[in-house]
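Have a look at these structures, which come just after this line.
In what comes next, subunit A is part of two complexes: it sits with subunit B in the first one and with subunit C in the second one.
Moving on, here comes the complex of A and B:
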């Protein structure tokens, strides 16, 4: 294998790929980075077996040549040393050459490194991508979908399936759902231009967080395809693969009440700030409980109370209250998370009694849905 | 040992059970391989893993040269997880890693194999955590637990596995291996009576401790037969100082047991079976004159009891004194 590549291109690619590589892995080969030279360019791969990132450097782009003198082949290099070496090389181009004995020579200007490589056959084989089974999404929309749901995944390993976000693409609707069994966040978007469908895949929350960090805002769309074991997010130069969670995701649609006894319309920002203030005196070891009480004349009262510390009462003006009077307690943390996820100025909250879950939606019926279970207090 | 036919030479029964289940594609979801050290547990476990993932299997045998087979051998296959004790026992983090691994789909295929080495070192808590996954294995998962000491596996784990007993290596075959490794005939015989792990035997054979131990043991028999009054002094000055650790004490008793067995064999004219003494040894003749066969039987009994007492944490000095009293009586 041999190639000469522009150093800044290589650095950028290596940095992307390094995000997937961790120093502690169960499989020794994964401490390395796979470099594959092909006629049409270079492919760098890094993986920690949960997520894998592939970065592609094309031979030329818009008339600018990035790679020269390609001899095809592949090698695995120690990720502890290779990125540092590339970063500190003196010249603008880097020459990498590997011989049959897995010895790698890296040359730039007068500097020459000899590294011991590993056999690329030892590296895990990532699933081949099937472009016909994929659909496209704008990157900012995908990031939004992730942001609005992923915070609600469970952090406890007792029910591992809940540590993931459930993705569903049916009847031209793509939905993201996450729950930790105390709250639920979901969002649906229409997908008109695709005939792909899958009933339920569960992507680990951690992987989605990583994905939204690595996706570049400057690019426009991301192509998503699902195989049996992995999900692939593909942009122009980057392939992001994540393993899926194994198991059946609980049926969440039945949890969502379709009737309501009390409906409140309120400005998001005002409610958010009030609850934030009330939570100051809500103790963490007691679920940060705050209490909401409806008053007449379009006013609700939010109280936070810890007997040892003190008490806070604040009244908020609401746009409208319909239905029965209500006293309900809930976790302020969940409420804050939910309100922050809804990026609209006005929300509509549907209550079905003090002991039943309530739903927060944007007032304009955009299908973002946040469901929170109340806390029993006396 | 790279193929089941090679395994079949040492473990005919186990090999047949496994190859049959592969042929009928009825590979169990969990195996418990139990057998002493050197009986080929790991080789069998790796073979099963290779056969599960092999791209071009030849009947029941894996090909051993496709990328999957190669990666399993080098420990780089992403869907084969090997857990070994980190220090004394299998730690909680290792089980947590495994638990996480269970909840994810496979990396390359939907198959998964995990191998737990020295499964007896699982703490009770860790074993109970694994239990959940033995109970409800996700699709196409094969667990292989390996252990030397089958009695320390908790019954709830054992009952969820297909148990495969590996027979101890035959001592003839073991001696051959030792001779092949360059050990003398006499030593090879003694070693094969004491262990069935080739490396351990070679290690003992090279070290000074074992040679000295053998000398001390023979001296003890000599003193018992010729100068019975000095025997306590000898125990205190030589025996207890040389056999200071618990496992050394047990080994000393093992050696003593073999020596007295030899004396008994001499009486019975069953000279092929002797492992410690040569046939023409003067000391052996002397000892045979001193001890009658009935006496030897009771001594052998006493040595076995002494071993038992050591296990029960009785003070080694007292155990040895009592034993020598018994031998003298």
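Moving on, here comes the complex of A and C:
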């Protein structure tokens, strides 16, 4: 196997597949990166038990040549050393050559590295996706869907299914839902031109985070295919395959209250800044609790209190308060996460009682929903 | 229940007064140390044991049985704490071995601390069989400090048939060192001006706060006595021992500003439990069984303390004595056996090397009293709590009117019908709460 490749192309590709490579894995060869040289370009592969990433570098693109002198073949290289080596090579091009004894030579300018490779035949076959059904999404929209929901997944293995984001495609609507059982984030978008549908697909939150990092904004759409146990995200140069989580995602829609006792309309930024200040005195190791109290028609009071440190009180003007008076305590962190995810200037908060969930939505009723459970102070 | 609120208030006032007072010079601190405590309690229970070599051992039948403590008669034959049972029997064939009866020791301990508390409210229990007292503001009509110590020692002897050693000094460290100087049944006064003659000649490992590892480090730097430590360059010491070096050196020079804090025993950061297997094992069923038992104990003690924690630590000691501790912090507070085990199993899966295990320990860390924290409601279970919303509202209204602590569930009352929960080792200080109530 042999090729000469533009170093910056190789670096970008290596960085992408590294997201799937873990130093600790049950199958030793998966600590390595597979490189295949073919007539039409290079294919780099990284994989762990949850995700597999393939990155393709074409021989040429829009008339610009990326790879030269290709001799077909494949090899697995130690992922611990290869990326650093490539990053620090002196010249703009890199020559990689592997001989029959799996000795790999990497040359750039006057630098020459000799690495021991591993036989690519021993690298496990990536599962082939058994479906032709797929749908497309603009990349920036997918990234937004991820950003607005994934932060709410559980970090605990207590209920493994909650460490994932629930994807649904039904009745021409695509929805993303995540909850750690203390808060819930969900967003729905219309999907007109597809006949694909699925209901309980749960993608590990970690996979979506990694995906979001490597999706390139310059590419336009991503093609998504779903099977029983895998989901594939495909762009022009990238295949991102993730395992799905086993089990039934809890039916969350019936947990979301549809009535409210107190409704507040407020400017997102003002509330966000006030909560942020109040949280300075809300101790992290005590759930970051702040308290919200309705004062009059136009004012709510936010307080933070830490017996050892001190107390903060701040009044915020709201656009309107309707319904009952309210005094409620909640985690400032959850509130900040939710407000940041909403990305609208004005929000509407529906409260259903001091011990019940409240819901934050954009004031214009866009189908983004952030639900938070309050805390009870003993 | 209002009474318990009053007690808390009184404690606060006492603490403030104590702090004010301790800014002045010339404290008088006692360190009361019970002699061969477990063995002595057994002898007090059964006078026929008196004069015989007696040992209390963890598990008399099993291989890992080690001496927890022994009477002076047994010590004379060379029996030592932590010695394996078989070795002790070799040295002293007529040794009488008993399993520990923690309930007896606990009762005795409570009685002892009651006697201490009669002299001053400033009593800080350190463990089941030792404690500090600050008698700086003692009642002069009781006599001189030395006479008070004698009266206390005699009272413990006549009322409880137990002997103790008392150290009298201007601070806790010196009092502790002093109580060690004459055993059993001694009273030692250690004045600061005497440390050159009485303290400095002692080998470094006899200094309180210097364990075998620290002693080893110090000896490498030719620090062999407490006097050597007192004279070593602080900078050099800090290199070896870090910040602790300076504190140790201060103590070696007779300086220890730490107050006798009656509430120290209430401050807890972790609650844990560990146990050695009867034999080294890789049998996961057996290991999980022990984990469940340990988690049970931890849960019981947390409930007892009305405490919750948010970090769980698993300790694994392998057959080669190599010990690892791994912990996981969670974003909520936990106090149930189920939650504890969940994390323990997670840590176990991740970190067990498959090698044979000798000991397992489970500790809940970052512990807080329930009353200091808020409870995050759960989407899937909030209905249960929300149904009590009216009740909580009522409580809040009444609390605003009448003050705190009106409605705290009284754990003692709740458990009165159940079996009383017993601590199982001397490290568990929970019961020390009791002598005041």
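What we mean here is this: the second predicted complex is superposed on the first by the 285 of 378 C-alpha atoms of A that agree within 3 Å, B and C clash if a C-alpha of one lies under 4 Å from a C-alpha of the other, contacts with A are read in each partner's own complex, and residues count from 1 in each chain.
As a convention for this text, contacts are C-beta pairs under 8 Å (C-beta built on N, C-alpha and C of every residue); 3 or more make two chains touch, one makes a residue touch a chain.
From a predicted model like this one, the values you see are computed outputs, not experimental measurements.
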Overlay on subunit A: subunit C relative to subunit B, clash or fit: clash
Touched partner set for A:369, first subunit B, second subunit C, both or neither: neither
First (subunit B), second (subunit C), both or neither touched by A:354: second
Partner chain(s) touched by A:264 [first = subunit B, second = subunit C, both, neither]: neither
Subunit B versus subunit C as contact partner of A:50, first or second or both or neither: first
Subunit B versus subunit C as contact partner of A:336, first or second or both or neither: neither
Subunit B versus subunit C as contact partner of A:28, first or second or both or neither: first
Which of subunit B and subunit C A:157 touches, first, second, both or neither: both
Subunit C-contacting residues of subunit A that also contact subunit B: 157
Contact set on subunit C toward subunit A in their complex: 310, 330-332, 339, 342, 346, 366, 368, 370-380, 382, 385-386, 388-389, 392-393
Interfacial residue positions of subunit A with respect to subunit B in the complex: 26-30, 49-50, 121-125, 127, 157, 160-161, 163, 204, 228-230, 243-247
Touching residues on subunit A, where the partner in the complex is subunit C: 155-158, 179-184, 250, 252, 255, 285-287, 289, 307, 329, 331, 353-357, 371, 373-378
Parts of subunit B lying in touch with subunit A, wherever the complex brings them together: 67, 70-71, 74-78, 81, 96-97, 99-100, 102-110, 138
